[in-house]
Amino acid sequence: MTNGWMDIQNADLVLVMGGNPAEAHPCGFKWAIKARQKKGAKIVVVDPRLNRTAAVADKHVAIRCGSDLAFMGGVINYVLQNKKYQEAYVKAFTNAPFIVKDTYSFDSATGLFSGYDPKARKYDQSLWGYEMDENKMAKQDPTLSDPRCAFQLTKKHYERYTPELVEKVCGVKKEEFLEVAKMIGETGAPDKAMTHLYALGWTEHSFGTQLIGSMAVLQLLLGNIGVPGGQIGALRGHGNVQGTTDLGALTAALPGYLKAPKAEHKTLQQYLDAFTPKANRESSMNYWGNTPKFFVSLMKAWWGDAATKENEFAYDYLPKYETPKAYNAILDDMYNGKMEGLFVLGANILTSSPNANKSAIGMSKLKWMVNLDLFPIDTAYFWKTSKDLDPAKIQTECFLLPGLGFAEKDGTFVNSGRTIKWRYKGPDAQGECRDEKWVFSQLYLRLKALYQKEGGPFPDPILKLTWNYKNPGSPSADEILQEMNGFAVENLVDDKGNVVVKKGDRLSTFGQLKDDGTTSCGMWIYGGVYPPSGNRSAAVGTEDPSGLGVFPNYAFSWPANRRILYNRASADASGKPWSEKKKYLWWNEGTKSWVGHDVPDIGPTLPPATGPFIMNAEGVGRLFAPALVEGPFPEYYEPYESPIANVLHPANPTNPVVKVYKSDHDVLGTPDKFPYVALTYRVTEHYHFYTKFLKGPARAFPHMFIEMPVELAKEKGIANGDRVRVSSARGSLEAMAMVTRRMKPLTCDGKTVYQVGIPIHWGFQGLAKGGLVNLLTPFVWDPNALTPEFKGFLVNVEKATGGAA
Amino acid sequence: MSYLTSGSTTGLAIRRMSATKEPVLDIKDQEQLGILVDISSCTGCKACEVACIQWHDLNPPIATEEELRENGFSYQSAPDLAANLFMLMKYQEAETDRGWTWFITKRQCMHCDDPGCLTACPSPGAIVQYANGVVDFDQSKCIGCGMCRTGCPFDIPRYDANDHPFKCNFCLDRVGNGLVPACAKACPTNALHFGTRADMVELGHKVVAGLKDRGFPNAALYDSAGVGGAGYVYALPHGDKVEHYGDLPKDPAISSLVHLWKGPLKWIGGAAILGSIAAMFMHLVTAGPKTVEAHGKEE
Amino acid sequence: MDLTRRGFLKLTAGTAVGAGALGFDTRPAEAAVPALKVSAARVSKNVCVYCSVSCGVLVYSQTDGSMNAKARAIHVEGNPDDPVNRGTLCPKGASIIDQINNPMRVTKPMHRKAGSSEYEETTWDFALDRIAKLIKETRDRGFQATDDKGQTVNRVVNMATVIGSQTGNEEGYLGVKLNRALGLVPLETPARI
Amino acid sequence: MANVMITRLTAFDRLVHLGTAASFVYAFLSGIGIAFPKMHWLLTVLGGGEFARWLHPWAGVVFSVFGFLMILSYVKDMFFDTDDIKWMVGIVHYMTNHEEKLPETRKYNAGQKMYFWITVFWGTIIFLVSGLAMWFPDAFAAQVAPWVPGMGVRDLVLLATVVHEVMFIAAGAFFIVHIYMGTLGMPGTLSALATGKVTAEWAKAHHPKWYREMVRKA
């Protein structure tokens, strides 16, 4: 989230699209309700289902699952055609004036951008850049009239997305669409802001990243980013998924969103050159220009004295990847027998990954598998997935280790608002339960001993790894957080030679990091969480001086305790607030500095001309975003399994660069056999495939069910509460049917489309048992974020034989 | 750091008791407590239901598929309230002037100002209404007759195997110690407001006015006038469709049969029994026994 | 319900004054206040794991007071101090106690031998020694010092680690550090699913 | 003649009467304890509130069983004739111990017949039906509720309560009279409950027609 949870209360319009916060984030959704209770904000939900968010919304629009991009294109077009955008913001803070190279083009007939290689299913993204001047700065047209400027290209790209098209693709009546578009358009006024809330309803598409991109375009056009009550709220699914993402527990990342090196980055310099962008606009802060400082400090944190200038700060110790190995590749490699071992800590990956049959077969081919968990999760008993798997024939050696829950441990969690919060251990461990720190340390010490004793390939990174904790076999969370915060390896001196930070002292901010090996920092974005004065994540100050829901002294928000990202954008080009109502950060001409309710997201004394989007080389937001692999403008494609043809470009109906696999288990369904659109989702009573082990949630929603329209049930002779069999090309399951008018049949491209909703939370282990939803889902992945397509695949529904059980 | 270190006890005083003349004693005047259920803000997440179970250490069973079908399969977690389930979220759907609408309602004891259960209860002191408005059962005095549920206009108490009734007690231990009831504290979306009843009614009227402005012309405050008002007050977006809100009775009131039975019939009954005894006594004294001798003499 | 600290104190303080002014009232109509079940518990501030609102919670734990007693959790509820949830919780958060005290908890290391359909209890020592050995064997077998273009890659792709999103930062950090030191490319967290 | 005894009640009659009497007394007293807060102490005497409330319906069941048998064995003597009407009209003579001014009675006089019909016959039926409704509100009343338009389950239970109470008033008042007549009011009656026999004098005095029938038979 760019602004955090409490800021939602400052919104004038809360648009929920691609999420269901009332159910998935109830305590966060309070702030949307608060916005309405406090100042009459409207809540609008665009979702296939009348879910519990829609139940309390001011407006619910039923949309066909998987057609959101057409809807978003329609809104962008509406905003552009009707001049609802905030022009001054667009001119000053986006790349609208930037001139795009003429190698970029888009063919509306095929739906392809320039540079597509159909064989490799890839684009040549280098064709999509800006036109540069002699100073290597992007050329601009401040009047936005050049047909090659990003603004005009945006306008051109989306002019096809008429309300009529939206109705045809999405099944949303033109009038309803226009009503919502009008409400959204109104937030283009400088004193109005829209908060958009989304979650996996948008990411879990084969074009998920493009969906979020389309909202970025819209919010930038409306001038809603960086102002109180205006944001794109990515609502994440777990208590610390933000933290584990920050940490770079991701194949292609390192802590703090540093990029992991690839094989082609043979030297440290090559790596740094590749990932240290150069500013392409005057007075762009280009914060990633500091990449060398962050990276070198990380290497110092990991390998300490072994990371020297001479050995490129142990650059070789890091693995260099060829292709990223995220879930898609891990599971596919497992299935193809290329994976020997799997170590899972607190995740039920069998149940939560698509095409569970494929995953289970993959697991049966492993040599070993370790699960550390609180409960006997399904993954640990993967052979129960299907009758075809005979445990007697499965040679996988498995461990199920007793873990500790969050309430039984110290440490920090980071929420969607990027707030790092300290936790204090509650009860003592039961039985022989142990936490992950202990398990990792015990394994590390054993591995180190083994490598010392037996040797092995390239043991240095293991032997020389920093593990200087007070008790190396069981480090405390406190000392690890200090390591992440960073400290001075040598005395740090300022220009005049005064010692600013003494050797060994903790750093107060990532601004103190150096690229010469004199600082160590395990996680640059958390810099400042543990300054010399103490652990700021444990701070409990409850004051909100601005009344805007900014609690600067409650815990610590990365980066630098900033609560709203890009907050410089809350003031106009000259540094004056856009409106008195949305006053947040402004330029004080007297002191020549930025002042306001938050830590400025910009050098505090940098002049107003500095762009607010400091993490972009441009310093401004991107309408035209060449970094995304399927094109710089989000384009509407159908889900990989869809009941209707692509209305705009039938030749390329789906994302041309989608990640798909071909195996006996990667089969796709066609509408003749599987005529109904299915989507999977959570209900508020459950947490993924986990709370089924808990009495409270298991009682609150005990049985697997699906939601289906009354009309479809009638056709199929299904009554409310009947047991039904849901099947896809990949598998099938039984569930209770909830027959409801909350699921409306929609008319798309002249066809009646029925949608079937499938909540996910059940499996074969636990108190609440039921069908494993991911037996149905396709192994199809978004090419940018590598999220699977769980929303919008094809199924069939029949009354279960044997009737009500 | 927690409320445990911040407050003192509020104490509890009894206002009236079942089968006992009132007021019990002219004791300290406590403000009546209340909870406002703002249905327009309720997402039906069941946090209140689960928090209630947790705080009271209840252990309701996991409902079977068959039980869930009983009253029409919906998001409702159990077929009915139970001795070990003090509150239940109910989910109904119907057409309204705003299209197809999901009616989500929290149902539990309303803590009536004039409680039907207490009126109907024959056992002195088994049902207690505290000065703060909370209506609770004293199991030690309960005789298990089942009249409390019969007398309740909201059909709330449920019985255990020993015929003892159970229901929401407004977290008497919590409010008695200055804490917020478990459900109201848990509610994530500010749909449950806790305070004095007077404040809740006032707030409820504000919420209703706001709803009317937002395009709910039939919004209404459900304040159980028939039982003198209740601790629980509901702001209903569709006040014209009360019956869809978890089967809330339209005009809740203690049945006239209860009054007939606890009033006139009691007097008539008492008079009849005592009158018969008196009449027989008079007969004995005036006419004397019907001895055989008496007859014999006549002969 | 949304508890602000001030509002809460006001409500409590008001009633405290009421009770104080009357003094001890011992008349029979003065009912005894039921004891709070958490009044003897230790309170620790924690953060819920069930979604990324990451609500503040208060965990109440209690022991019998003996020197080596293990504290048991007896109750969990929202932390009114925390600005994000202000003391509220959702149905999952309200049943955190069921996660802590749960008969289904795995409380001993379990081992499934090849070809078995069940797990057997084992010891941590055996499990850790064995897992370390398996990791080393797998790494040693699969370690790629260079790729087919002759570029130094120093990587391992034949085993994968998934660090759950219920894992705290410090633990996750340690895991990332250890796995990258081992050279693992397949490293994942449930951010994508 | 002084020692001549006439059999008024067979052993079966006595058993049935004792059965109804014992169960009715318990139900009557516990009912009073339940219905009248001031008489709540009665429940203590009867085994404690919860016990007495528990036994009350079972006593009712016993009463119903014996009441049914009693109806079967007594009903033949319980039909009204014209003499009974005259008797009723002149009941004041009975009360003032001038039975000679009334038509001669058979085995049972009109008052006893009324007692039979109200307390025994209707009492058995009404107490049983309304009692079951209160005892098993869900099972019983729920079965009936759909057949009674405009009344919910709870309304029916409430109605049953009221009916139970009305029946109690009627049966209770008669019961007091019955007890009095069986004991203090008419000496020589109570022993018949134990032995089944009354003296010839008693029979001749109180039920002359029946006496003559018995003499004739003998």
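Labels A, B, C and D are assigned to the chains in the order they are written; within every chain, residues are numbered from 1.
In this section, a contact is a pair of C-beta atoms (placed from the backbone, for glycine too) under 8 Å apart; a residue touches a chain by one contact, two chains touch by 3 or more.
Since this is a predicted model, take the numbers as computed values, not measurements.
Trainee: Counting C-beta pairs in contact, does A-C beat A-B or the other way around?
Mentor: A-C
Trainee: Taking every chain's C-alpha mean, which one sits closest to the mean of all protein C-alpha atoms?
Mentor: Taking the mean of C-alpha atoms per chain, the most central one is C.
Trainee: Roughly how far is subunit C from subunit D, centre to centre by C-alpha average, rounded to an integer in Å?
Mentor: About 70 Å separates the centre of subunit C from that of subunit D.
Trainee: Based only on mean CA positions, could you tell me how far subunit A sits from subunit C in angstrom?
Mentor: Averaging C-alpha atoms per chain gives centres 22 Å apart.
Trainee: Determine the centre-to-centre distance between subunit A and subunit D, using the mean Cα coordinates as centres, and give it in whole Å.
Mentor: For subunit A versus subunit D, the centre distance works out to 82 Å.
Trainee: On a C-alpha centroid basis, what's the spacing between subunit A and subunit B, in Å?
Mentor: Distance between chain centres, rounded to whole Å: 47 Å.
Trainee: At least two other chains touched by the same residue of subunit D: list those residues.
Mentor: Residues of subunit D never touch two or more of the other chains.
Trainee: Return the residues of subunit A touching two or more other chains; collapse runs of consecutive numbers into ranges.
Mentor: 26-27, 30, 34, 540, 684-685, 695-697, 700, 767
Trainee: On subunit C, where are the residues touching two or more other chains?
Mentor: Only 2, 45, 76, 78, 81, 85, 88-91, 93-95, 97-98 qualify.
Trainee: According to the definition of touch, which chains form touching pairs?
Mentor: So the chains that touch one another pair up as A-B, A-C, B-C, B-D.
Trainee: Spell out the part of subunit B that touches subunit D in their complex, as residue ranges.
Mentor: 19-20, 122-124, 141-147, 149-152, 155, 162-163, 255, 257-258, 260-261, 265-266, 268-270, 272-273, 275-277, 279-280, 283-284, 287-292, 294-296, 298
Trainee: Give the list of subunit D residues in touch with subunit B in this complex.
Mentor: Interface residues on the subunit D side: 32, 34-37, 40, 43, 49-50, 52-54, 95-97, 99-100, 134-135, 137, 154-155, 157-159, 161-162, 165-166, 168-170, 172-174, 176-177, 180-181, 184-188, 199, 201-202, 204-206.
Trainee: For the complex, give me every residue of subunit B touching subunit A.
Mentor: Residue list for subunit B touching subunit A: 1, 40-47, 49-50, 53-54, 59-63, 65-66, 68-69, 72-75, 77-78, 93, 100-102, 104, 188-191, 210, 214-215.
Trainee: Which residues of subunit B touch subunit C once you look at their complex with the stated criterion?
Mentor: 1-4, 6-14, 24-25, 27-28, 30, 45-47, 49-51, 53-55, 57, 128, 130, 172-174, 176-180, 182, 184-188, 190, 192-195
Trainee: Within their complex, state which residues of subunit A touch subunit B.
Mentor: Subunit A residues touching subunit B: 22-23, 26-27, 29-30, 33-34, 36-37, 40, 50, 52-56, 58, 540, 683-685, 695-703, 705, 720-721, 723, 736-738, 740-742, 744, 767-768, 804-805.
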